[in-house]
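Okay, so subunit A shows up in both of these, paired with subunit B first and subunit C after.
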Partner chain A sequence: LFVVAMGESGMHPLVFTEMSAKVIGQVKALNAAVFPIHYDDSFYDSVLATPHLTRLAYHRGILVGAACCRLEREANQPSKVYIATLGVLAPYRSMGFGSQLLREILTMVQSLGGETVTQAYLHVQVNNDEARRFYERHGFCVSHEIPNYYVRLVPADCHVLVKDLTSAGPSSSA
Partner chain B sequence: PLLLPPPSPLSLSFSLSLSPQSMDSSKKLPSKEAALFRNVIKFYELKQYKKGIKAADAILKVFPDHGETLAMKGLTLSCMDQKEEGVELVRKGLRKDPRSNVCWHVYGLLYRADHNYVEAIKCYRNALRADKENLQVLRDLSFLQIQMRDTKGYAETRRQILALRPSNKSHWLAYAAACHMGGDMKTSTRVLQAYADSLTDEDPTRAPYERSELILYRTMILVEGGDIAGALEIVENNKDVIVDGLALREERARLLHLLGRLSEAETEYRSLLEINCECHEYHAHFRKVLEEQWGGPDPEKMIGVYDELEKAFPHSLAPKRLLLDFSKGDAFRTRADRYVRALLHKGVPSLFMDIRPLYNDEEKVSILERLFLDYASSLQSNMAFPPLEGVEAVKETPDTYMWVLFLLAQHFDCIHEQERALAYIDEALRHTPTVLELYSTKALLLKHCGDYEGAAKIAEEGRLLDLADRFINTEAAYFALRADMVDRGEQTAVIFTKDGGGGEQSSNLFDAQCIWYETRTGESYLRTGQYGKALKMFLRVDKHFMEFVEDQLDFHTYCLRRGTLRAYISFLRMEDRLFGHKYYRRAA
Partner chain C sequence: VNMFQYGAEDALGKLPNRDKTLFKDMVTAYENKQYKEALKKGKKILEKHPEHGETLCLKGLVLVSMNKRREGEDIAKQAIYKNMKSFLCWQMYGLMFMAEKEYAQAKSAFKMALNNHKGNLQVLRDVAALEAHLRDYDSLVETRRQLLQAKPQIPNYWAGFGIANYLKGEYEEARKIMDSYLLSFNESMKTNEASEIVQFQMMCLLKENKISEALNFLIEKEKTFADQTILLENKIKCYTHLKNNEKAIECLEQLRERHPENIDLYVQILELKGIKANVELSKEEEEKAIKLIDEYIQQHPRSMNLKLMKLKFLGGEAFKKACFEYIKAFLIKGVPSLFSSLKIFYKTSSKVEILQKLIDENLQSLKEKQTFEGEEELQDPTIYLWMLMFAAQHYKIIGNLEKALELINEAITHTSTLPELYVIKARILKHLNKPDEAWRTLNEGRELDLADRYMNARTVKYMIRAYSTHVPLKEDEKEKEKEKEKEEKKEEKEDEEDTWQKREEKERKEEEKRDLLERAEDVMTLFSRDHREGQLNVHIMQCMWYEIEMAKAHFLKDQIPKSMQMFKYVYRHFHNIFNDQYNYHGYALRRGNFLAYLDMIEATEKHYQNNYFAEACLGMIKCLRLYSKDEKKYIEMQKTLKMSTKKKDDKEEDDPDAKLGDIDFYDIQTEKNPYQQIISLAIEGLKHNPKFKELHFEAMDLFIESKKWGQAIRSAIFLKENHSNLSQTKECLEKLATEFGKCDKTKINKNFLPEYEKEIASL
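After this line comes the complex of A and B, so read on.
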């Protein structure tokens, strides 16, 4: 899957692909640089099981961003998409790459045949204002707080950010 | 590995020409057995060995001492995995009929299959004694002679073949090539001239490539024989025949240069540069031609010429890069600044390797260092290069800074300031940890520091970034071997072999003629004192080179048939120099 998106850096469009086993090392390196949490092998195994729910973002041939999601289907409940990780390497932020990644994910989710995904949600550490503002710009709201969500981080609490996907049509460009 | 599939050792294409003489010495088999004998040969050629044996046995029932049948049966058996019996029978047949050319020919074939060319040649000569004009034996003999580089013998045999069958065009070419290899350019030229003249009645549109190659080959021989003017004449007169357009121009340029017609040569090289301005060979010749016209090197003039070239070909890298070689001081700084920042802006990983030859000049090294450090601080604070006259100021993308850090790391490594180099590469890795080149360069750096285990570790980390990248796989294997982690090195290297790690790994690497792997593994064993294993590895390299020599055999027939003589001759010469190859010297 190759999707090319023209963003602010129109001269160097981001190239999107799905995760594959051969480049998992790159994603691990990226996540290790971006997130304070360590994701172990079982996480990546499950991600590889559903590569269509991932997006890797390449800028000028270099992997600068990655997103991994999960679909959650509980009995008698409409489906939700959980954004497990979405990150861009620090030097490459404020260039609109994160927004493009998020839009990619939401577009992909809403074009999945067979089920309607009604909600997207994720966890953000309570002190991570930058991340929270980012998602709020994209139509997410803080739904509630979970104390002691992070075992090894300080602060350990997180916000749950939620976006209702049923209201508008396909996500409009932010 | 060759393009031709290797023939199985014993199934050689071989047709016995049964001349009347050989019929005599086959002690006059009656017609029924004579027909059976012809079948024995046919079945051998068609590889229908069982039928061949049956037919042979039918003859032997009636004529148990018929030497030639015994010999043919032996030959057939040797193709059926019954080699010892086969050889015995051939010898028996020879004893019964020592003047039969068939028997000697067969015996020669057996030796050839065993790669014992010296003995095979002897057998063929004996066969020829019985039947001087047996074309097949002469041909087989000729190929072994050239394989063994008996150029005199080869030329003589080829002359005989040509005399016997002048209608076959490859015989002419072969004789000419034989004289060429033997250094007799004059005869070679005459032969080719005669052959070319005989072609004039033929339809000129037939076999255009072969005609073209013939012209170029004649040129090659004339030049080697010292008749450069003659060579040029042929090229000029046959312009339309030569289909390899580039070769035509290159030849013309080269010949004009050799003849001292320098201004014409210059024109030719300029037009070649117009076709391909990146070809450093053209540039080298071009510069020589210019310098000869000027009566010696003249750096100022050269800079002028290349300034013009740069303007004429603004997108070409070669003139810009060459100007860095010629210029000095402030002029060098300005040019280097333009050149390097353009490549950094593009994000070219091989930038350092490109400018590395400049590092022989201390002054240039310190100029470059100043430039790179300025880039780093400017990009870090402003995301842009320092201002430069005539260059538009643009905001750089974030990766440009990473490439500068990368460049600085390689720079300091090259001038043996390893600590500074490490600091820069680590900063680059923190900046953008998803770039493969950073890992392999850090591995190299650590190796230079003597930390072989650290190098292996980081190379492996890099490998995991892209499991489909063969190059980084090779690097990881190499660094593992350098750190004497032989098992790990092998496991890594086999990932890209046919079976990918399961089963007979070592033999796959051997078949792939993976010489670097064998040499490095051998060296590792040397370091750890396991001399037996080391020797085993180095011997493998030796075996590969012997194979390279062996593999020539098929090409003698193929190249002569196809008329690709220039390539063939340079191939033979390459083989002559083979054991000087640096891979071989290193292992030896």
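After this line comes the complex of A and C, so read on.
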């Protein structure tokens, strides 16, 4: 269990845990409610293989947010972290939970021993202004666009958002 | 434990020394459970002395302990016939019966041993335990007296004698014995021992209804009591009985300080001050009660129980205000049990109306403005969620199931990750008579948290219940199903795209075709897997709810042998649990926990008065009656039961539990009265569960068919007195009258005939 010492509301801090096989149903339910894409069993199998790269956020005993990421190591290239899913249930948005979750992920990634992770990146559907603005607030920038990234969504294009993790640059807002 | 301390040497006097040693070795081997060793030694002795009674008996005992019951019993019986005067033989014969849990026979065997060797302490102790187990208190007192006279220096023997008298009902004797016990062992006694004895003496006085004497005793011996709570509770009992309200209230206050959350104490205090529970109160009484409770709330401001108690006495606007504060506290804390605590108010329609208003107003306010009604402070989204859940439960209990479903669905859309919501939705669907949807919903909730044992068990139960409602397909419907499947297979081959959707769809369909009971077993296995055998461990864990559900489901689907097996397991569990207490009779005295022992005796008096036991008896009777006329089916059922109870590595051993409740079907066809064994089941079930009406209906049918008029009349009387409005009762009574009229009256015992006629005429 990781407890955030300081939360938006001091009385009820968000409680962070790692994913485990027992609660995978909760994460599936959360992702189904938040994302228009369906993630099938193979996705969750690979996530369970690296539970330390996940964070589940519990608010007052209820799972309200979850994030899953992957480390990508290509030959002769520095490591990157890919944020596969990061979402908060609709009624609990604008309460700072997303920010806390993102900060958790980035802190965890930077404290991994053995390698330096230089970059974090993710995909956002082109029409999802809310998500794009959220990541921009946390120091991400739109790097480029991928047309027809999504098989079943309309619009099918996505933005790739990137954040440089090496510099001691401007920390995320709030 | 050397079981042959007393007098074994003398009994073996005839054997030469070498063989005596062999015998002793055989005994040691048996006690260390090295049965094959023991048999080897026995063989050596028998080579030279083939008729030696004690060795043969011991051999029988060892064989029975190895589960070779029939062989062992035969050998031992023969040995006894030829050696009736050997106390050692009888003792071993008794031990053999003990291993088979035939306690009554063991007792008679031990008594024969005592006849031949008076005062054998080992045997006396075993007999005392058996008499306690069989609840034969008169004999127990005598046995304990003998033990005490033999060894008065052992403190436990005094306690044992005292307890025997208490159980028999000789309370004054028991007290006197304990006085002597205290006198003799005063110095060496520890505080808790003395406290137990004093408490025991007080219990004796109370049983004799000498309340004022008991009270004086309590006050006199206050310092010896180690347990202040027991002391105060009993003082309160005495003072209340003697109508000394002042003193009673004083003691209640003392007790209340120790247990401030025990609401019963507050109820008692209020009652003594004139405010009775469960009764319509006048305005002044209500106000008085509220004033008293307010004082207590000041002392314990954080106690929710006291606030709930206050709500009972409030009404109208005051109730609305206080209830709102109560609900608010629960919602903000996020406690799911809000509804359970308010359930008591649903009996009063005025309070239900107020609750309804509170719910409707606040739901709307929270949805639109995220505030409680009439407030400005913004609330967390979880507050709205818990409110929705509470509202759904409210509408369910008042009967508006559609609205309840609507609300719980909204809650699930709001936060789909909370398992409790799915439990409530499943319950609503169950009440809407949609068992399939109910179990699927509950399963969804279960999958959210696979570590939750409660969700797992609930889902299994709902699955089994749904299975019972499935109507098997008729022939023409089966044909249609087959054609449908063929068409679907053709479609699959045409469509080549293998997306995740198609794959998961296919898996789901395969899953759906499987038997629902099998799937229920799979879910159950997640928590009940026996690591050694890979099967369910429900029988070893005596998981009776599961066994009964499965038994009923199998019965509805005409799978009678399986059903019978499950019912039989439950039946056996009850006997096993009762027999498990056997060791405690001796142990409790050795450890000096005789108050806990007396509690246990009292608790086990109603051991068989249990719905599961009644259902098991009823189920077994129904199964057996279905097959009572068909010999072939009997043999088939016997085979199924035997095969399923045999483990894989059993070679010749019999099922160790088979004796208990075993109904040998072969006997039924040779018995003069084919129903004898079914009838004894019915009588046993009814003896312990006289109020279980379903059992009465079935049993009456059975008794009429087998012409047991006395039993039938007894059931009829019960049904007439308690369930005369049911149509089934009337049918039964009519059937009884007609059949009795038709039957051949010459076959009935002449002593009872006039009584029967009188009773039946009066019904």
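The definition used in the following text is that the second predicted complex is superposed on the first by the 166 of 174 C-alpha atoms of A that agree within 3 Å, B and C clash if a C-alpha of one lies under 4 Å from a C-alpha of the other, contacts with A are read in each partner's own complex, and residues count from 1 in each chain.
Basically, a residue touches a chain if its C-beta (ideal position, glycine included) is under 8 Å from a C-beta of that chain, and two chains touch if they have at least 3 such contacts.
Computed from a predicted structure; not experimentally measured.
Superposition model on subunit A: subunit B and subunit C are shown in a clashing arrangement.
Of the two partner chains placed around the shared chain by superposition, subunit C is the only one that A:D40 touches, whereas subunit B remains out of contact.
Contacts of A:K22 after superposition on the shared chain: both subunit B and subunit C are touched.
When the shared chain is aligned, subunit B and subunit C each come close enough to touch A:A32.
Contact with both subunit B and subunit C is seen for A:H12 once the two complexes are overlaid on the shared chain. Of the two partner chains placed by superposition, subunit B and subunit C are both touched by A:L89.
By the touch criterion defined above, A:I62 reaches both subunit B and subunit C.
Here subunit C runs into subunit B after the superposition, and of 476-484, 584-592 or 656-664 the stretch doing so is 584-592. Residues 9, 12, 21-26, 29-30, 32-33, 59-64, 89, 91-92 of subunit A lie in contact with subunit B in one complex and with subunit C in the other. Residues of subunit C touching subunit A in their complex: 334, 380-382, 384-385, 414-418, 447-451, 500-501, 504. Those residues of subunit A that touch subunit C in the shared complex are 9, 12, 21-26, 29-30, 32-33, 38, 40-41, 59-64, 89, 91-92. For subunit A in complex with subunit B, the residues that touch the partner chain are 9, 12, 21-26, 28-30, 32-33, 59-64, 89, 91-92, 95. Every residue of subunit B that touches subunit A in the complex is listed here, in rising order: 347, 397-399, 401-402, 430-435, 461, 463-468.
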